[in-house]
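There are two complexes below, and they share chain A, which is joined by chain B in the first and by chain C in the second.
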Partner chain A sequence: MYDMKALYEAESVQHAIQLRLEHPEAQIIAGGSDVLVQMREGKRAGKELISIYMIDAMRGVSIDEAENIRIGSLTSFSHITHDPIIQKYINVLGEAVDQVGSPQIRNIGTIGGNTCNGVTSADSASTLHAWEAVVELTGVNGVRRLPIKDFYIKAGVVDIRAEEGEIQTAILIPKVSYENTFGHYIKYGMRNAMEIASLGCSVNVRLSDDKQTIDRCRIAYGVAGPVPMRVPSAEAVANGSAMTEDMVNEFSLAVLNDINPRDSWRASKAFRQHIAVEMAKRALIESIHRAGGEIK
Partner chain B sequence: MIVGQREPRVDGYDKATGRTKYYEDRMPANALYVRIKHAEKAHAIVKSIDTSAAMAIPGVVKVLTCFDVPNLPFATAGHPWSMDPGHRDTADRLLLNRHVRYWGDDVAVVIAENEVAANQGVRALEVDYEELPFVLDAQEAMKDGAPQLHDDFPNNILKHTTNIKGNYQEAIKEEGLIKVEGWYDTPTVQHTHIENFGCFAYMENGRIVVVASTQIPHIIRRIVGQAIGRPWGDIEIIKPYIGGGFGNKQDALYEPLCAWCTTQVGGRPVRIDCSREETFVSNRVRHAIRYHIISWLRKDGTFAARKMEVFSNQGAYASHGHSIAAKGLGAFSQHYPCPNIEGDAWTVYTNRPAAGAMRGYGMPQANYSDECNIDDCAKAIGMDPVEFRRLNIMPKGFHDNFSGNTNYYDTYRECMAKGAEIVDYERKRKEYGHDTGNIRRGIGVATFWYNTAVYPISLETSSNRMQLNLDGTVTMQCGETEIGQGADTAYAMMTAEAIGLKSYKDVHVISCQDTDITPTGTGAYASRQTYVAGFSIRQTADLLKEKILKRAQAITRQMPYNMDIVDGNIIRREDKMVLMSLQELAMTAQYDTVNSEHITAESTYTIRNNAYSFGCTFAEVEVDIAMCKAQVTRILNVHDCGKLINPALAEAQVHGGQSMAIGYGLSEQLIFDEKTGKPLNNNLLDYKISTFMDHPRLEAAFIENPEPTSPFGTKSLGEPPACSPAPAIRNAILHATGVAIDRIPINPHVLFAELSKAGLIHDSWLDKEEK
Partner chain C sequence: MSQYKLVHCNINGKDVERMVDVRASLTDMLRNEYHLTSVKKGCEVGECGACNVLINGEAFNSCIYLAVWAEGKTILTLEGLEGPNGELSDIQQAFIDETAIQCGFCTPGFIMTAVEILNSGKEYSDEELRKLLSGHLCRCTGYENILRAVKKTMYKRLGKEMPA
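Up next, the complex of A and B:
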C-alpha cells in the first residue's frame, strides 16, 4: 500500500496543466517506475500525485512537419525499441533504452520520466545528449522548446516550470542531427541485466561522402558527472579526421579532459576513468563500422 | 520402478498457475500490521524512545519498545534441541534489544490498523541513543580493546576450536619443502529467496497460532515458547508453502516477536512482513570468513603438512554460530588427507548482521579457500590441477572416525574423470591460457567435500504417518518440509515405491506442516530431507503394508508371506495372481459392519548414519581485460549423490546451486559503510545477484554410486551444487590470466585492482597524475 495523499487523473495535456496549477505541490507520475519506488522508500510519502499516464496524445513516435523525430513523452522504452521510425533513423536510442532494468520496467517506464527524473545514469540520457535532442514542455503559456543540455540543471533537477503548469510533452530529434548518422551506446554495469549504469557512453558519427573521414562526431556520457555530458575534447579530435587507430586512441584518451566521474562505493573514480576510455574507443569503432567506414 | 524416473513435481501446476497458497494468502482480513523500528546505529545503547508522535497517528494501535519485552534471552538457530546444556545454542538476544549491536537491530514495533499508519508510526519514533564504538572485521574484533558486543565473550570470541593431526611443527622441518601460503576472503552474502520472510499470529482458546514462512515449524514452536515464556504446548506453528529459504528460514526470525505482539493486543491477528531491505539486513546472512592456509609440498606433489586458520565473522548475534566455521575446518583434514594438520577456527562477534545457516553451511567458503590453495599448489610445482587433485584427494575407503563416514567409492576421481571428458578438459587446458590479446580464455576445476545430514553432531529423527484412503491411494505426512526443493515429489515417489503403488500420483503428500497435527520432525535443513525421510518412509511403509496384508489375509485366506503389493494390487507372489485391489481392500475394511478399520501407520526412525556426498565443477571463462569483466562461458557440475530419486529434480537442484554460486564467485556482496557500519546495498538493484543473462547454459552430470546406508541408495544434493563453482571460476581466471585472485566476488572492481597490480592493465594517465 502506497502512502499517497491524493491521486488526480489528467485526461488531456490541458487538464494536466490545470491540475498542476491547482496542486502546485503535487508530483507528476507517468509509468511510476521511479516515483512509486521513491514513495515506498518514504522519500515522497504522503504526497499528492497527478497521473498523466492516460493521456494517449503524449504517446508514440512520429515525424513532424519540420522532419523532426517526435517522441511523445509517455512512449515506453519497449515501444521505442520496436518503433520503425526509431529503428530506421536512430536505432541506437532503441538499443540504449532496451538496456533499462527488466522487460517489465521497459514496458511501464517512459522516456519522459527517464529524463524528468534528472539522473545522470538514465540510459536514454547520454544518447539524447549525443544526438542533441530538444525537449518540448507545455504549460499555461504554451509550448517551450529547449536543448536537452539546458534541460538538465543539476543532479535530479530539470528545467520544468511547475508554477506555469508545465509538463514535458515530447522529445524531438532534429533532422540535421539524425540524417546519415550512426551511433553506438555502451552501458557498463556490474552484471548483464537489471542494472543501473556505472557509466554509459553514446557515440555517433556522420562520415564524409567518400567515407574516408569523420564529418561529425558526437560523444556523451552518463555518470561521468552529476548530469549527462558531452565531451568536446574528444569530439574535436575526431571531427574532420581520418579513421586511424591512432586517432581512435587519441579520441578515447581525450575524454579524460572533460569527464569528472565521482568516487563512490558503487565505483571508484580511477575505475570509471579507465572504463570511460575503453568505452569511448569501442563505441567509436562500432559507430564507424555502422556508418560504413573502416579503421586504417 | 517409480524411483529413478523423471517426473513432474507434485506441486508444479499449482505453483506455475499461482494457485499455491503462501502465508500471505492465508492472512486473516483483520490482521494488524506490525512494523519494526530498526536501529540506525551500528553499536549503541537505547536511552529512551519517544512514542508520543507515533501514538498520535490515526490507525496506530500500540507501540512496544525494547523497554517492554520480557527479559528472556533466547537462541534462534534452527537446531534440534539438545538434552546436554553444553551443546545448546547461545541465547543472546531479546525480542527487542536495548543494546543495539548492528545497524538494523530491532528496538521497537508499531502495531497499526493498516500498513501506511504502521510505516508512518515507525518513522515518527524518536530514539535517543548513547553511541558506542563499533567493529566490522572479525580479526579486528578479536584484538584487546576492541568494542565488546556481549558480556560473556571476551575479545568477542564466540568459540574457538582446533583440528590437529600428527605433528605440523616437526613435519615442516623436512628438507626441500615448497611453501604455498595464502589469505582467502569470502564476502557477506544473503539468501535472497524469492519470498521475503513473513508471518502472522493470533490467539485461539488461549493458545497462540503462528503461520510462518519457515523451514522448521517444530523447532520454531520450541523457540517461540522459550522466547515468550509459554509452555510449548500453548504454541501451534503452521507452515504453508514457502517461496524458498536456503537456510535463512532455518532460524527463528520474527515468529517469536509476532507471537508476543498478538498477546499484547488481546490475541488479535498481527502480521510481520519483511521488506526486501529488511530481509537483507535484519534476518540472517552467510558468514564472511577469512582463511589463512599454508601448504608444505614435496616436489613430487604430495603434502608434508598443512595449516588452516579460520576467522569467521558472526555478526551481532550467535544464531548458528561456530557450527559453520567448524564444518569447514573439519573438512580440511578429510578432503585432502595429510598426516600433519594444524587447524584453528575462531567465530567472532562483530557489529554486522547476524550470520546463520545458508546453503552449504560454511562449505562454499571453506571450499573456495582450499580449492584456491590447491590450485596454487599445483601451479607451484607445475602440475596439472586435475592431476594434482587425483594425487592428493580423499581415496576410496577413507573413514572418518568422528562422523563414522566412509568413502565407499572412488567418488572424487570418478567425478573428475567424467567431467573432464564431457568438457574436453585436457585439450582446452592446453589450448587456453596462452592468449595475449584483450580476451583471455581459461578453464578451471574445483572439487567439494560435503556430507548429508547432521549426525552425530545433532539428533537425526524422522517421523511419518501414512493412511490408506478408500480409493486405494495413500496420504502421507512428515515433518521434513517442502521449501521449493521438491521434497514432496521425492517423498511421493519413495512412498509409492515402498508400498507398491502404481504411480507416485497415488500418494498425497500433506505438504503443509501443522505442529498440532504433523508427526514431529525437525524440518528442512542440511541436505537431508530425502535421505532422512527415506528411513521413516521405508519403515512406515513396511508397517502399513503389514497391516494391509494382514487384513487381506482375512479376506483372501492367503498367508501374508505369500502376498505382495504391486501396482496398487494385492497379488499372490508365486503366480502373480491379482487377489484384490487396494481400493477393494480399503473399502471392505472400512465398511465392515463387524470389524471396521481405517488402515494407518505411523513411526519414528532415529537415524544414526551420515553420508559423504562429493563432486566437482569445471568452469570456462573469458576475461575481457580492458573492461575488467569475467564471463563464465561454460559450467558443469558432476555429483555423486547416490541413486537419483528423480533425475529432472536433481538437475534442477544443480542448476539452482550453480546460479547461486556464480553470483557468489563474481558479483554478490553485502557491503557496509566503514564510517557508520550502515549497510549500503541492501536492495536487489545494488546487491548483484547473477541473472540468467550472466549464466551460460547450466550443465549437470551424475555418478550414481548407491549409498549403502540409505534405504533408497540416495544422499545429499541440496547444498552441494553451491560449493564448488566459485573456486572453479577463480581457477579458470587464474588459468586465463595468470592472476590468482584470493577474494570473492571477483567483480569488475576487484579485477581492475588485481589486473592493474599484475601489470595487465596500465593506465598511463594515472602515472602522470601521480607525478
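Up next, the complex of A and C:
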C-alpha cells in the first residue's frame, strides 16, 4: 500500500485540468517511476495524486499538420525507441531514452514525466534541448507552447501553471530542427543499468549539400549545470566550419567556456569537465559520420 | 478515509474483477487478492525486478504500478506459464537445466522478462540479452547461468543451433 491521501483518476485531458483546479495541492502522476518511489521513501507520503496514466490519447508519436514530430507526453521510453517516426527522423532520441533505468522502467517511464521532473540528469533532456524541442501545455486557457529551454526554470522546477490547471500534453520537434539532421548521445554512468547519468552529452549536425562543411551544429549537456544546457561557444566553432581534426578539438575544448558542473558524490567537477571534452568530441565525430560527412 | 475502485482485468487467461484499495500496488493486488505469490516483494521501488509481470505483453515492475491501472489490461504472471497438467514451460525447464536458480527469489521476475524477450521471436546477441535482462538483481547465480538459460531457449524456439 502506498501512503496516499486520495487518488483522482483523470479520464481525459479536460478532466485532468478540472481535477487540477479542484485539487491544487495534488501531485500529477504519469508512469509513477519517480512519484511512487518518492512516496515510498516518505518524501511525498500522505499526498493526493492525480493520475493521468489512463489517458491513452496522450500516447504515441505522429507527424502533425505543420510537419512537427509530435510525441504524446505519456509515450513510454520503450515505445519512443521502437517508433518508426523516431527511428527515421530523430533516432538519437530513441537511443538516449533506451539508456534510462532498466527495460521495465523504460516500459513505464514517460517522456512527459522525465521532463516535468525538471532534473538535469534526465536522459531525454539534453537531446530535447539539442533539438530545440517545444513543450505543449494544456490548461483551462487552452494550449501554450514554449521552447524547452524556457520550460526548465531551475533544478526541479519547470514552467507549468498549476493554477491554470496545466498539464504537459506533448513534446514537439519542429521540422526545421529535424530535417537532414543527425545526432548522437553519450551517457556517462558508473554502471550500464539502473544508473543516473554522471554526465550526458547530445550533439547533432546538419551538413552543407556538398557535405564539406557543418551547416548547423547543436550540443547540449545534462548534469553540466542545474538544468540541461546548450553550449553556444562550441556551436560557434563548428557552425560553417570544414570538418577537420583541429576543428573537432577546438569544438570540444570550447565546451569548458559554458558548462558549469558541480562536485557531487557521483563525480567531481574536475572529472565532469574532463569527460565533457571527450564526450563532445566523440559525439560530434559520430554525428558527422551519421550525416555522411568525413573528418579530414 | 479508504477509497476503493472496481478493477476488471484478465489475469493468466481469466477475466476477473475485484474491489481494490486505490493505495494498492499491482503487487499488492496480485498477491493479496489473487494469491499469485510468484510476484515477489523485493525492493518495492522498481529496482530489483522480483515483482515483474507482463502487462499487455510488456514487462513491468508491479511494485511501482498502481493496481487501479490494471483496469482493462491483460496480465501474465509466472503461474500463467503452467501447462494444463502442471507442466513447466520451456524457459522454466531451461532455468532448471542450466542451474539458473539458487534461492529462487528473483526467478519469477527473470522468467517473465525472458518470456517477453522470447515472444518477440528475435535473435539477440549476448550483449543485447544482457541489456534486456539488466532490470533484475540476482544475489546467488552470478547471472551467467541465467543468460545461458534464456539464450538456449531462444535458439531452441528459433529452431537454430546455439553457437558454441
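By definition in this document, the second predicted complex is superposed on the first by the 296 of 296 C-alpha atoms of A that agree within 3 Å, B and C clash if a C-alpha of one lies under 4 Å from a C-alpha of the other, contacts with A are read in each partner's own complex, and residues count from 1 in each chain.
Definition applied: contacts are C-beta pairs under 8 Å (C-beta built on N, C-alpha and C of every residue); 3 or more make two chains touch, one makes a residue touch a chain.
Only a predicted model underlies this, so the values are computations on that prediction, with no experimental measurement involved.
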item: Partner chain in contact with A:Arg266 - chain B first, chain C second, else both or neither; value: first
item: First, second, both or neither for A:Asn141, with chain B first and chain C second; value: neither
item: Partner chain in contact with A:Ile105 - chain B first, chain C second, else both or neither; value: second
item: Touched partner set for A:Ala6, first chain B, second chain C, both or neither; value: second
item: Partner chain in contact with A:Leu253 - chain B first, chain C second, else both or neither; value: first
item: Chain B versus chain C as contact partner of A:Gly32, first or second or both or neither; value: second
item: First, second, both or neither for A:Ser51, with chain B first and chain C second; value: second
item: Chain B versus chain C as contact partner of A:Ser208, first or second or both or neither; value: neither
item: Touching partner for A:Ser78 - first (chain B), second (chain C), both, neither; value: second
item: Intersection of the chain A residues that touch chain B with those that touch chain C; value: 1-3, 192-194
item: Residue ranges of chain A touching chain C (in the complex, touch as defined); value: 1-4, 6-7, 9, 29, 32-33, 36-37, 40-41, 51, 53-54, 78, 101-105, 107-108, 192-194
item: Touching residues (chain side chain C, partner chain A) in the complex; value: 1, 3, 5, 21-25, 28, 44-47, 49, 52, 58-61, 64-66, 68-69, 71, 113, 131-132, 134-136
item: Interfacial residue positions of chain B with respect to chain A in the complex; value: 114-116, 119-120, 123, 626-628, 667, 671, 673, 680-681, 684-686, 688, 690-694, 747-749, 752, 761, 763, 765-766
item: Touching residues on chain A, where the partner in the complex is chain B; value: 1-3, 42, 45-46, 188, 190-194, 196, 198, 253, 256, 265-268, 270-271, 273-275, 277-278
